[in-house]
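Let me give you the structure first, and then I'll get to my questions.
Each chain gets a letter, A, B and C, in the order it is written, and its residues are counted from 1.
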Amino acid sequence: MIVDPVLELRGVCKSYEGFSLRDISFTLPRGYIMGLIGPNGAGKTTLVKSILDLVRPEYGQVRVFGLDPREHGAEIRSRIGFVHESPTFYELLTVERAGALLGSFYARWDEVTFRGLVREFQLPPDKRLKTLSQGMRTRFALAVALSHGAELLLLDEASSGLDPAFRREMLDRLSGVIEGGEASVLFSSHITSDLDRIADYITFIRAGQVHFSTTKDEVLETHALVKGDMRMLDDALRKLLSGVVTGSFGFVGLTARAGDVRAALKGETAVIDPATLEDVVYYTGRTGGGGLRLHGNDA
Amino acid sequence: MTEPVLEITGLRKSYGDFALKDVSFSLPGGFVMGLVGPNGAGKTTIIKLIMNLIRPEAGSIRLFGLDHRAHEAEVKARIGWVYDVAPFYMDASLKDTKRAVSIFYPGWDESLFQELALQFQLPLRKKLKSLSQGMKTKFALALALSHDADLLVLDEPTTGLDPVVRRELLHGFSGLLQDEGKSILFSTHITTDLERIADYVTFIQDGAITLSASREALTEHWGVVRGDEECLAVLPPGSRKGVKRHAHGLDVLTSDVAGARAACGERAVVDPASFEDIVVLMGEGGGNA
Amino acid sequence: MRDGGTMLRLMQKDLILNKKLLLINAVIMLATLSYFAAGSTRTPPQVFAAFASLMMAILPATLITQEDKFKAMTMGCSLPVGRKAIVQARFALAVAMALAGLLMAFLLGVLVPFSNYGFADLFAGKPILTALTGLGLVLSLILPFTLRHGLKGLLLLLVAFQVLGVVLITAAQLTRSSLDREVIEAIAGSVTRLHGALGPTGFSLFMMAALSVLLSASYLVSVRVFQNREF
């Protein structure tokens, strides 16, 4: 039981034509970073929108800081720092002016912090936002999100398009923010190696449902990549594996029950390697066949 | 080394306060080269120059041994391209766009395109503007892959794609290389993608190539020295490529793992450098050349 | 050898990608012209012809607005074609589209119920020559500007004309003369004198030759400026 959740979803359902979120439940305790992973179209963005009251679920409840977004949308949004994939702002304003304008909406805006971040992120203060590259725009959005004392940072694919050096810097900063103890982070990313680095909890959304939501340590403990000879791959083992790839090298697959596989393989010389989050997403969501066939038949 | 499919020499181009400075590198046929570096380092500029979308101020680009301007139509027929921003008519349907593009390529393979469209789950009847960023990239990839191109020039083709599609795509690329001897030049921010398929990596920073080398050369000679200031002082001259200081000591990027091990001995741990280590540490905190 | 094919493919590409919008714009323009032809006051056929030619010369601008909006010239320039072929195709398509539009406009101008014009009124030397002149002038100006600067080129051109007009009128007022009218009358006068000197057939031939020279010059300039355009 988590005592002081900053974010709590219970049985959230929302349906669109051809897509639905079903029975989404998870909890993010205060002061931690949760990574949200899953394929495109799994429902991550819809979920983030429901937290901001930009989308209203049909069933279930969302609680942010213990409040209902339907009734306290404005207050919740003022306590959240939101950065998404392609941020748009007042395109004609300069970095400095846009910061000041956005800041005027937040009660806890800290101009000194903002200016410091602008310098640190090497943002040109007098350039108009429309002239900034994608990466620079994300930096700007992040600077704004970090300058109003947000208690929850929502980063929806915010790191896509950012270079590795800046991503690392951003991750360090996020770790720094939660070390202060008050803030929490919900971070969706396709670059799962970033989450390997900083996430405390992982929520895996697949086809509109929560596949699992638990601590990263547990995910990495229970999941493993199993590799071995084809002759080891009997029905019992197959049941424990998902996304099995076979080939001349033998087989490789992911298990969510590493302990059981170890027991089942007693004596056999299979290789059981630790799985990364990317492995977890990839092998769980594989379409079969191992890879895309990108060339014609007459090769 | 096979005949280079792409050979760039002394390329220069400047815009306002950005300049590409004497960029030279080459990609041998049948291999994959990754282009990495910070946002704004010049990756997209290089790709635009290769595609003759912008003019160089100096230098030459040879594709398949031919000058890329003098033989523009000929070389472009053998190139498949994907840009970071999809340059399509957003009001047109995928199907119409495919038709408009396909008529230009003698090697167009309609059944292959249909198969890719199926694998990528592309909604061919919809308009381009209704697609997500990842879907637009998949559509551009399907076009680039369907005309039997010998060289793929891809500007951040994996950005916005989820891990499943990304890895399946990379597997597919490996298949292309193995079975058909195609070559690929791609820029990316996702260094694990490089680790999966790149044979060569070209690092670019502030418009200049800082390093262009084969994977073997990088894994063999480059490393990260985790040690202290004393250790930094004794590293072989010229091998120190970047330093990052942190609470517990410092990380030094070195281009001479053996030399660093010999010099530092017990005082430091020398790990092999990942591509990400190289991108993050290169030029940091006063590296020397 | 393959150049003809390349040009056709480029034209085909533009038609595929712009078909809907081209159709809508053409229908609106033709409807406007039909309404004009059946209006309660009968304007001289040459005026109708001039009006129709201006409208139809603007029709190819649809291509440019779309291309600009989506920054899609990058796509055209990434296909296996030379820059010169792109310019050729743009000229060919613009002229073909404008001529086809003009033919439709003239036919509708005759056939629309309550039309003020009979077949012989519009399909006569004078209106046709007027229309072709209008078309040639506008296209030769629009194409190089838009090929170099996109939609901005079109605006630039319009602004340039606006400024020219303002300068003329201001100059006329400052010098307390009728400079503006004089310029227009001088142009009209020289056309009339030329017509008198060459006779109707000679004049037509001269105008056609002049328009061909103008379009060719515009094409050469376009090739030159487009080679250097960056995307």
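Criterion: contacts are C-beta pairs under 8 Å (C-beta built on N, C-alpha and C of every residue); 3 or more make two chains touch, one makes a residue touch a chain.
Everything numeric in this text was worked out from a predicted model, so none of it was measured.
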item	value
Chain whose averaged C-alpha position falls nearest the assembly-wide average	B
Chain separated most widely from chain B, comparing mean CA positions	C
Gap in Å, rounded to a whole number, between the CA centres of chain B and chain A	25
Chain B and chain C, separation of their C-alpha mean positions in angstrom	45
Where chain A and chain C are represented by their mean Cα positions, the distance between them in whole Å	55
Interfacial residue positions of chain B with respect to chain C in the complex	48, 51-55, 72-77, 79, 81, 83, 85, 87-92, 96-97, 99-101, 103-105
Contacting residues of chain C [partner chain B, same complex]	6, 9, 12-13, 16-21, 66, 70-75, 77-83, 85, 228, 230-231
Parts of chain A lying in touch with chain B, wherever the complex brings them together	37-41, 85-86, 133-136, 157, 160-168, 190-193, 278, 281-282, 285-287, 290-296, 299
Sites on chain B touched by chain A in the complex	36-41, 84, 109, 111-112, 115-116, 119-120, 132-135, 145, 148, 156, 159-176, 179-180, 189-192, 276, 279-280
